[in-house]
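These are the structures, in C-alpha cells.
Look at the two complexes coming up: chain A is in both, with chain B in one and chain C in the other.
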Partner chain A sequence: MRRVFAIALNTFKETIRDRILGVIVLFALAMIAGSLWLASISLDEAGRMMKDFGLVAVTLFGLVVAVFVGASLVHKEVEKRTVFVIFSKPVGRAEFLWGKFLGLCATLFVVVAAMGAFLFATTWYVAHAPSASILLAILLIYLQLVVVVAVTMLFATFTSPILASVLGVCVFVAGQLSHNVFSLTKLGHGPLVKVASWVVFYAVPDLSAVDVKASVVGEDVARWSSVAFWSAYLAAYVVLALLVASWAFRRKEF
Partner chain B sequence: MARRVLVALVAAACLAAIVGFQSTRVVKAASSPRVFVPSPRFYLDFSPSFRTSIADAYWLYTVQYYGEHLNTDQRFDSLGPMLDLVTSLSPHFRRAYYFGAFALIDARRPDVSYELLKRGYTANPGDWHFPYYLGFFAYTFGPQGAGARAAAAWYSKAAETPGRPDFVPRLAAVLFAKGGEKSKAIAMWASVYTDGDKYSRARAVKEIGKLLPAEKQARMKAVAKLRDLMPPVQFDQLVADLFPGYY
Partner chain C sequence: MSTTIERLPESVRRKSSAPIIEIRDLCKTVSVGFWARKVEILRGITFSVNEGDVFGLLGPNGAGKTTTLKVLLGLMKATSGDVRLGVSGLADLGYLPENPYFYDYLSGAEFLRLAAQLCGVEGVESEARVEALLNDVGLSDAADIHLGKYSKGMLQRIGIAQALVNDPQLVLLDEPMTGLDPVGRVEVKAIIQHLRERGKTVLFNSHILADVAELCTRIAIMKAGVVIWEGHVEEALAGASDLEQFFMQRVTA
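So, the complex of A and B:
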C-alpha cells in the first residue's frame, strides 16, 4: 500500500505541474466566466444559465483532462524508459497501475474542485444566493470522470494513447446513452441484437445514473438514495476496470 | 530595421482586413425567419444528461431570434417550434412558457400561446401564473362569451392555487361581474403588466393606452380603478408609464 501511495504522490506531483493542465483549467475558468455574458442575454434567467453552462464546462474540460492525461500516463513512463527503473525495485505492475490511477484522480480532484469552486462563487454572485446543489453535482461529475480515467487507463494498457483517448471519449458518450441500449434490449429485433444490447448494456458504465444537472436547475428532483446506490455501482465498475487493466498490464511486454 | 517595419506593415494590413471584413456584417440583413429546429425527441433520446443545457442554449437562441425579428421584419415563423423544443427538453422552465406565450402574439398565434400555457400548467400544476395567464388569453383572444367564461374559470383556478398574490381573487371577481367589457380588458392587460417580463409589460402599456379614453381626466379615472387589482409598486410604475412626468 505504501508503494502505491508513493507512486500516486509522484504521479500527482508530475501531472499537477504539467503546463497543459494549467491551460485547460484557465480555459475552463474563462468559459465559466463567459457564461456571465450569456446570462446577461437570458431574460432574467442568469442563475439558471450560469449553473447549467458552468456544469457543462466543468464536465467537458474535466473529460479532456481525464482522457488525455489518463491515456498517456503509463505510455509516457514506458517511452521514457523510467518504467524499467521502477520495476527494478520491489514494485508490482498492478501497484504501479493503481498508483498512477490514484495520482491522476488526485490531480483531477484538484482541477475539478478549482473549477467547481469558481462556478459556485460566480453563481452565488449572479443569483445572489449560494447553491449547495452545485457542489453535489460537481462531486458526481468527478465520480463520472474517475470512471472515465479507469476505463481510459484500461484501454491504454493494450492500445496506443491516441486510440485509448478516443475510446475513453466514446465510453463517456456511450455512458450517457445507456438507457437507449437498455431500450434496445427490450425492443431490439432478433436474438443477436438483443444479446449484443445486453452485452453493451452491462459493459458500458451507466454514467447518466449519477447525473444531477437537471435537478440543479430545478428541472428534476434528485433522489439522493438512488444517487448513492449508483455511485456505489460506479465505484465497483472502477475497481473491476482496474483489475482487468492490471491483468492486461502484467502480460504486457515492453 | 526595414524588416521590422515590413512585419509591422503586414500586421497592420491584416488587422485592417479583419476589421474591414467584420464591419461588413453590421449592414447584413436579418436572418431568415424560417430556421431549422430539430425535434425534441432527438435530444431527449441522444443527450438526456445534457437536455437542460441544450434547452438553455435554445432559449438564448429563441430570445435572440425574437429580438432580432421584432426589430426588423416582424416574422416569427419558427418561434412556435423553438418554444416547443425548449419546453419539451425542460418542462419546468417556467419563463420559457410565460415569455413564449406573449411573444407568440406577435407571431399572430395566440392559439399556440394558449396550448403552450396549457402544457405548462400540466407540467407545473402548483404554479398560479399558468391559470392566471390562461385566463388572460381565453378572455382576450377566445371567442366572445365562451372565452370570457373560460377566462373566469381559469382565474378562479388561479385564485385557488396556494401562493397566489392577493390581487388574483379580486381580478377573478371583476371578470365574474356583468358588463364593463372595456374595463375588464384593461384589467386583463394590467394583470399582464403586473407579472410580465419587459416585453409583455411594454405590450401591456401599449394595449392599455389604446383601451383608455382619450380625455386625460377620464383616462386617470379609469386607471385609478386598477389600484385594487395590482400591487402598489406595479400600479405606480404603470401610472408612470402611462402618464410620463406624472410623478
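So, the complex of A and C:
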C-alpha cells in the first residue's frame, strides 16, 4: 500500500506541475466567468443559465484532463523508460497502475474542486443565494470523470495514447446516452439490434444515472437513493476496469 | 570517497564464491513488426556471476546484453532457459538503465526519496540514506535542483544513487560510463570500486574496455545472442596486449 501511495504522490506531483493543466483550468474559469455575461442578458433565468453553462464547462474541461492525461500517463513512463527504474524495485505492475490512477484522481479532484468552487461562488453572486445542489452535482461529475480515467487507462494498456483518448471520449458519450441504449433493448427492431443494445448497455458504464444537472437547474427532480446505488455501481466498474488493466499490463514486456 | 582506482590483488580478485547469478541456456525471441516476425535476441546464453565479482558483460551493439539484464530484472520473460538469482528478489537488487531518463519535475533528493519508498526504506533511514548517497555521487549541492536541469553526467550519477538506495547485494549497471566526461568516468569507477570493496556484486555492460579491464574480475563476451567467451580478465590479457585487442580477436573471429 505504501508503494501505491508513493507512486500516487509522484503522479500527483507530475500532473499538477504540468503547465498545460494550469492553462486548461484558466480556460475553464474564463468560460464560467463568461457565463456571467450570458446570465446578464437572460430574462429572469440568470441563476439557471449560470448553473447549466457552468456545469457543462466543468464536465468538458474535466473530461479533457481525464482523457488526455489518463491516456498518456502510463505510455509516457514506458516511452521515457522510467518504468525500467520503477520495475527494477519491488513494485508490482498492479501497484504501479493503481498508483498512477489514484495520483491522477487526486489531480482531477483539485482541478474539479477549483472549477466547482468558482462556479459555486459565481452562481451565489448571481442568484444571491448559495446552491448546495450544485456542489453535489460537481461531486457526481467528478465520479463520472474518475470512471473515464479508469476506462482510458485500461485502453492505454493495449493501444496508443491517441486511440485510448478517442475511446475514452466515446465511452463518456456512450455512457451519457446509456438510457437511450436501454430503450433500444426494448424498442429496437430485430434481435440483432436488441442483443447489440444489451451488450453496449452492460459494457459501457451508465454515466447518465448519476447526471443530476437537470435537477440542479430545476428541470427534473433527482431520485437520490437511485443516485447512491448507481454511484456504488460506478465505483465497482472502476475497480473492474483497473483489474482488467492490471491483468493486461502484467503481460507487457519492456 | 576516493577517486583513485586500484586493482585488488589477484588472490582477492580470483577468490571464488557461490554464484549470485546463474544463467543456463537462456533464449529470448521477440515478435517484430506488423506480421509479428520472430527475431531471436538471445540464443542459449550460459554464464554465472559469483558473489563479490565485478563482472563485465561485453559485446557489440545488438549482442543481447541489455536484453539479458532485462530478463534478469523480469522486465522481459525468457522464452526458455533458467535464470537463478542468489538474492532475495528485487529488494536486494539495484539497477541503472542505459541512457537513464528520470522525472524532470522532481529534484534529485525527491527522486531518491521516491526510490527509497519504493524499496520500503522510509522515515529517518530514508533521509539518512538519501543524504549519504547524494554525497557519495557528488550531487549534494544539486539535491534541490529539478532533474530536468541535470546534465547527462549528473543524471548518470543520480541513476547510480537510486540503484544503491536499498543497499543491494547485487548491482546491475547498463552502460554506466556512457556520455560521461573523464571526471565523471573516474567518479563512477570509484563508486564501482567502493562497491567491490564492500563485497557487493556488480554486473555491468560497457563498451569502454579500458574501464572493464581496470575494474572487472571476470568478463563474458557476447555476440549475436550467444556468449562466445567467459573467464577472468587475466586470462583474456594473457594472450593479448590489452582487452580491446582480445575483444576484437574474439568478436571478429
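Here is the rule we go by: the second predicted complex is superposed on the first by the 254 of 254 C-alpha atoms of A that agree within 3 Å, B and C clash if a C-alpha of one lies under 4 Å from a C-alpha of the other, contacts with A are read in each partner's own complex, and residues count from 1 in each chain.
In this text, contacts are C-beta pairs under 8 Å (C-beta built on N, C-alpha and C of every residue); 3 or more make two chains touch, one makes a residue touch a chain.
A quick note: this is a predicted structure, and the numbers were derived from the prediction, not measured.
Asker: Quick check on the superposed pair: does A:Gly22 touch chain B, chain C, both, or neither? Answer first, second, both or neither.
Answerer: neither
Asker: Could you look at A:Asp44 and tell me whether it touches chain B, chain C, both or neither (first, second, both, neither)?
Answerer: A:Asp44: touches chain B, not chain C.
Asker: Scan A:Asp211 for contacts with chain B and chain C and give back first, second, both or neither.
Answerer: first
Asker: Between chain B and chain C, whom does A:Arg81 touch in the aligned arrangement: first, second, both, or neither?
Answerer: Only chain C is touched by A:Arg81; chain B is not.
Asker: What is the contact status of A:Asp52 with respect to chain B (first) and chain C (second): first, second, both, or neither?
Answerer: Touch status of A:Asp52: first partner only.
Asker: Contacts for A:Gly34 in the overlay, against chain B (first) and chain C (second): which applies, first, second, both or neither?
Answerer: Neither partner.
Asker: Is A:Pro130 contacted by the first partner chain B, the second partner chain C, both or neither?
Answerer: So A:Pro130 meets neither chain B nor chain C here.
Asker: Once the complexes are superposed, what residues of chain A are shared between the chain B interface and the chain C interface?
Answerer: none
Asker: Give the list of chain C residues in touch with chain A in this complex.
Answerer: 30, 70, 73-77, 89-91, 93-95, 97, 99-103, 105-106, 110, 114-115, 117-120, 122, 159, 162-163, 166, 172
Asker: Under the definition above, what is the set of chain A residues touching chain C in their complex?
Answerer: 2-3, 6-7, 10, 13-14, 17-18, 80-91, 253-254
Asker: Where on chain A does chain B make contact in their complex?
Answerer: It is residues 38, 41-45, 48-49, 52-53, 55-56, 176-177, 179-180, 207-208, 211, 213-214, 217-219 of chain A that touch chain B.
Asker: Name, in rising order, each residue of chain B that touches chain A in their complex.
Answerer: Within the complex, chain B touches chain A at residues 45-53, 56, 59-60, 63-64, 90-93, 95, 99, 197-198.
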